[in-house]
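Next come two complexes built around chain A: one with chain B, the other with chain C.
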Partner chain A sequence: MNEAAIDTTWLNPIIRSRAYETRQDRVELSQLRRQELHAFLSQEIETSTPDKIIVVERRGTAILRALKESESYHLDFPWANVISSSVIEQVPGEFYPGMPILIFDDMKKGGSHIRRVIEKLTKMDPTKGLLRGVRVAVFAMHEDANSGSEDSGSGVAHTWFYRGLSTPAYRNIRLSILSMLQSAGSLMLDTEHLEVRVRLKRPFPSFLEALGRRADVIPFHSLGGRRNVAVVFRDNDTAHTFPDHLLPLGAKTTDIVKKCRIIERGQDEYSIIPICYPSLPKKLPEWPKAPIEIFGNIVMSSGEATFYVTALVAALHVLEWTLKALYAAGEGLVDVILPIPEFSESDSKACSLNHLKVMYPTVNLDGLSKLVAMANKKAQEKGAKLRGHPVEVSPPIEVTSAELRRRAWQLLQVVRAELDQRIAEKRLFDAQWPVPHPFGLSAREIFDLAERFGWPRVVTSALFDILIDDGHLVTCVDFNLREQCWERVFEPDGEMVSELVRLYTTQRGLPGGF
Partner chain B sequence: MDNEVKWPDYVGAGHVLDQAMNKVKEALYNKRADFLFGSGMSKSSKVPIGTELSVRLLEEFFPRASTSKPEETTLKSLAQKYPLEVVAEAVKQMMGGEEKLTKSVEAVLFKNQKRDDDLYNLFSSICFLEGEPLVDQIFTTNFDCLFEEDTGKKWVPIGIEDNEKLRKTKRREIPKIPVIHLHGLFKQRCIIAETDIFEQKRVTNTSLMEFEHVLANSDVFVFVGYSMSDPDIRAIYMRWRKNILGRKYGPNNEDTAVFVVSPPDNGFDYTVGSSMWGARGALLIPLDALSFFKKLKHFMVYESGSKKLEDLKDILKIEDEAVLGDKVDRLARLLRVKKEDAIQFLFVARSF
Partner chain C sequence: MDSDAVNPYEVYKGIYECELGKQLERVFRAVVFVLHNWCQFGILKPSISQRSPRSPAYEKSDNGCITLIEFDKLMNIVCRVWGKMFSAHGEKHLEKGTINTLSDQEKQRIVRFKPPLDEIPGRHGPGEARKGDSDDSPCYAVDMLTTLSVHEGYPYIDIKKNDDFRSSTGPRRADRESVKSLEEIVDHKDYVTPGIGTFEDEVFWKGFTTREKDFLVELANALKHLGPIEIRALGTHRTGEQTLEEIRRELRWAGVERDKIITCLEDKLKIRSEDARKFQNFAREAVLKADENRKPYEEAFQKVLDELSSPDVKQAFKDSQKTASEIWEYKSMKDLGKTVHMLYQLADYIWAIAYFDEHPDARKAQTTRKAQEAMHCWENGSVYAKQLGLPDLVDKVFATDRDCITDKVRERLIEVLRACV
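Now for the complex of A and B:
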């Protein structure tokens, strides 16, 4: 499956590098990258002995996870001391009690990601005291990237593993990192999501059939060769609604991402990853029953923080729906393995919730584990009652991997074109209009674009997964000024991907109908 | 194509030199090219080299050994009279040991030193032109780690006491490329003075043995900013001179496979230098290090004769390389991308 990674990620390989000629070469490269990343990060941790690592989303986090879970290149650094660049400002300054701090990013070209992290830290401590202990570690630097001090104006030390990379070299290294992550099963969004494991006791098709109870299902393969399933819940299904009191007032639960990802982890073992992002109506929405005891006071500290916590609370329900469908199929289908409640790094290889500390630094993992267990119990009870009841089961949608990847690319093209169109409109009136960050499309907007292709919603949902796993699309949270709500937005991953998509579109045109 | 470094006027058409650049390029692509960096590689970093270093060392010598400090001209005259390792030996004896000499040399070398991002980055970008390294190691006679510090942790400095580390990099247990410092490192032990250079155990030193092995076996060996003034390196080189002279490379057996990159002062210097290096079995490339690597990158990325452009000529059915060059130029301007990307674009465009 790695072959597809090369061909679809950058179309035909941009440079026909000898290093990428055979599948064996690519597997070896993926291993080498893991070894290099391990050597680099271990050395940095040993040198700067950081109290905290700030990982630049998304690949930074995924790399850390891949290394923490690796047997041969295991990185020993507790999740509790890792924080995502997305949530730096959501935690109080006291969270960074000591120094130094290591900011880790895998690639740097324009440097905007790191610049934003440094700006956030400067904003938290305008005296720049916090910055004095900061060191930036970048795995691979493009030849156009500066050496660092310009990013902050305060001389933050930078270090790197590769430097001076030409564009093709930069792309190839990025590609091999993505291959490594996918073969490790480390997803870009891991640290935002709950994860529950199931062990199949019956053949995979029975599993698929069970998942299709009141949901649309599409199986596909990730580039690392792992089996994936996207389970998408329909908006109009009364069996899959959220209790009113549970979410912040005015939270919108239709036209949003409401799905479950199932990913192969081992022989007959799968991770169930529920994903749900309700839109929130105000800058700081009211939440009468905010789960402060689980997430701490940060729940209501900002609209963005509330958004993320709401997403996790909503995901618990999506998890319940998914497990309910499995239990409804009979006791002998799966064994459910709940995440280990105790916070212990030695369990990091098992199914635990430790990784959530990166995105939810103040989360009470014990409390959250109990909620997961409760969702499972409810699913078990409800599922048992449903057994034997006739229900319309959607057959899994079959689309070949090649076709899915072709469509994923087309979707990316139209997303980029739509965003470029918006930039062009803005610049009609203000030629210097700076493109803000984030600047993406909401799930609803992307689903609308995809509808013009005539693709079923569940297929589009799988395309999101493919594009995110391939490092083509990144997700952010943004406040939609027009609709006045917090929502999930999706945009092409940086200028490198954008430029490639634009080049392709210039040459080949947009897909028919656009 | 712009940004192309031209050969100096006194070189003439530069046909042989173009062939040499092609050889380096092809050998790099086959991972069969090796480099030794001398102090000339650090020249643009304001690190004193050759006679200048001798002068600075003599400055260190005299204030301690005599009551009056000699004039600059006297120092220069002395520096020209005695080889560097002999001056270093005198300073070592006067200071009372190798460690003190090393510290003194370090202070002298880094007094006005500034980093040369351009040169080191350029070399690094050539080594990783496709993402994966095109070299297995590089050699240097420099004592500093400026190159490694600038170009990243993928490179690991190997001093004369790092035999085990070198073995680990060779076995890929350490995923890094060794920069083998044949005369040691400041932070460990440096071989500067005459008695150290001719120490018996130097002969069996792993780094030197590795150098000898590579010199004997690589397709192309390039000395950059190196004048072969070190007696130990020269001794090894001269041992292999006959072999180098008789080495066959590719279809043109008459061409040499050892190149020396060094900028002559003028045409006469070039003529003498070419003849001298010719006798040693090497071809003199009359460029400074930065210009050489710029030209090499140009050859690797754009220059006709490369397999990539040849393939593109076939694909596009264009026979005239100037026409292809124009096409690439126009496309690069149109798409506002680098020429390198325009070439890739043409590949992708025609492969569907």
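Now for the complex of A and C:
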């Protein structure tokens, strides 16, 4: 790779820096990184024979998925024994059999992610008994990163594939991992989402047209070259509302993320990923009809757990709306492939819900599969009735990839600037004020910022997808003290991205209007 | 400035060693040049009775000096216009990566960089600052310049104490041994004058392109016609959205002080006058930003436009600052203006109560300046307070048998304060 091509720190524009010199460079590097990650993780699993792997969100999870789905570098480790760092404390202590546990993260610089995982484990078992069987595997370590013994005084040593990396080298590896994930079609978010596949029987434009029935649609390409579509449902559409009894009391379903992502998986095959995050009003809201039979008692174990389960329940409805639009377009448009309830993970091509075990460790997959099938059946019935009924169809919004990437970067700039302003404001009165984690903006706040550019909401929604897929933005769940609610927040992905954005803004200024 | 002062072009080696440091150093020099022009124009200005129509409409500070706050705002204006000049006359080369392939002659015709600073909210409005690495606090440019002057012995600017300005034997110089913090030494109301003695072309403009120099000279010539209040208004405001956010920020800060006052009232304690004073100050700032800055802004904006002759500098100025009507007629600004005026009256009222609670004698006769101020605030706030169901006579606030606020007034104050921000 040409070093200058990805030197984003000074004169070379960051927006263009992510494009490698040639497609071949990108493919070769992605392959190499996949091979290295496979070798590293396989060896770690073989050496430590872990009962559980704790993956550090989000890239750790996405990498594991990309390897599990890879044919040439397939990693054989069951999803049921993988848990996301986000939900460690949501599961009972007996879930962890004691030892050994492997914590996996792709990169380490400041070490805050791994430190938080170790702190959580220490909190669960103050005697540090859990930690005795813990091993930390980090694929690439920056030269500033310590090797583990200093983390929380835990003495948990690290293994690594690369270490002592200078900042440019560290950045290059990060970029190539992201490229590998994009070429594999693996998203940063997809371990917490349902996924249903469809096979197109008519050309792609007909598919887009069908999706635009009572929704806004924007097609775009990921950097890996795959087709993506963002389908955004409007707040004021009475056809797309949630039954009152379904969600926890007081759940807010407007001004939130309420969309469907469609991603190309293969020849004429697409994944449908419904995404919905109602904000919840209290630390632990009441939920008369909580789906305990599907998710177990963790549903009401904490505000955060309730938030995630609510999101999945709401997403089932978003899935139904999307499938309904496809069925309404006629029988010959798509074949819907529902996830297989129980399947062999060695079949990397199969579509299942097994990956949800990472974010929902106690989920009953059979029960959930039935709910997905029910949503599909309802969509089929309702869609059939709608056939032939005239309806306003929104034509897909056409924005070039280059323009979308430019806007995505501008959005990231203003998000970072807004967060920096908040930090500066806090520090004016308390110079030692520690920046909490997470420290991000809600979807509503970001939509408000984007509105000042005059961009349609669906375009902004696609910008979220691009920024998340590019590893520029990460999502977290946070309790908003001012609004007193649990909500989804978005923040720049780590200090490296933040520093680049700040530097870029310092050199170029904020985009017009800010 | 001392004749043996350090070479201003080699200061702060740490930052000078990198490209960003060079840029920052040039920005400091440019801002001091603008300040120099402003001060010179002030000193040469005719007396008030002889003032020509082109002279500042507002009285300049003593001897044509400018305070640190106003200097901070002057820097905002310079950096904003500079940023827009860069967007129009340099950014495309950076974008294409062709900047290093230009001939020397071609380079002279462009503005090569934007000031490497960002506008960040500060205690006294927005100020240019360097963002810290990671989540560190920002470093304000005015603090950098002050540090260079006071601690490091690199006086781009000289700072003179506000209260002893006339009797001062000279500007304070670098005091490397001093362990005092910047805040202990310098006040935002202290005066600032240029610390660089020579502005001759060859020496001073070293490192600038012809285009950069030309626009800075033109901008300095325009800005020198502004009075301090105009500079403050122009540097504080930029767009409607930004002004709304500035006002909201003052209200948020006022809200913090308001909460402290409510806590005191709920605990049946005296309202601390320092909390009431801060509450009042934030409310005052909100009024300035929501309303009173409009007139000086309008005049400053027009003056700068009148004085600028180069079309591209004029355009850069217009791109960097919205017109007064675009700012103060933006969205909900008018409603917010009414709200903050009411808040300010209430804040005056609260401060007067806090003062009279601490100084019962002052309720009858105001013999000190502060007591007179308290009575003035009372008069300002009591008309509105009466509308809110609060007493308009001082004596009715305090119980006659106990020397404290009556329970009825206390409860009403809590209700009113809760609803005010």
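Rule of thumb we're sticking to: the second predicted complex is superposed on the first by the 487 of 514 C-alpha atoms of A that agree within 3 Å, B and C clash if a C-alpha of one lies under 4 Å from a C-alpha of the other, contacts with A are read in each partner's own complex, and residues count from 1 in each chain.
As a convention for this text, contacts are C-beta pairs under 8 Å (C-beta built on N, C-alpha and C of every residue); 3 or more make two chains touch, one makes a residue touch a chain.
Nothing here was measured: the structure is a model prediction, and the numbers come from that model.
Judged by the touch definition given at the top, the superposed model places A:165 against chain B, while chain C stays out of reach.
In the superposition on chain A, A:401 makes contact with neither chain B nor chain C. When the two structures are aligned on the shared chain, A:35 is found in touch with chain B, with no touch to chain C.
Contact with both chain B and chain C is seen for A:507 once the two complexes are overlaid on the shared chain. Once the two complexes are overlaid on the shared chain, A:81 sits clear of chain B and of chain C alike.
Counting the residues of chain A touched by each of chain B and chain C gives the higher count for B.
In the superposed model, A:302 makes contact with neither chain B nor chain C. In the superposed model, A:423 makes contact with chain C only, not with chain B.
When the two complexes are laid over each other on chain A, chain A has residues 11-12, 499, 506-508 in contact with both chain B and chain C. Per the touch definition, chain C reaches chain A in the complex via residues 19-20, 83, 86-87, 91, 94-95, 97, 99, 113-114, 116-118, 120-123, 129-131, 133-135, 137-138, 239, 241, 249, 252-253, 256.
Interface of chain A with chain C (complex): residues 10-13, 110, 417, 420-421, 423-425, 427-429, 431, 435, 452, 495, 498-499, 502, 505-509, 513-514.
On chain A, the positions that touch chain B within their shared complex are 11-12, 14-19, 29, 32, 35-36, 39-40, 43, 141, 143, 147, 159-173, 176, 499, 503-504, 506-508. The residues of chain B lying in touch with chain A in their complex are 29, 117, 120-125, 128-132, 150-154, 174-176, 301, 308, 335, 337-338, 340-341, 344-345, 347-349, 351-352.
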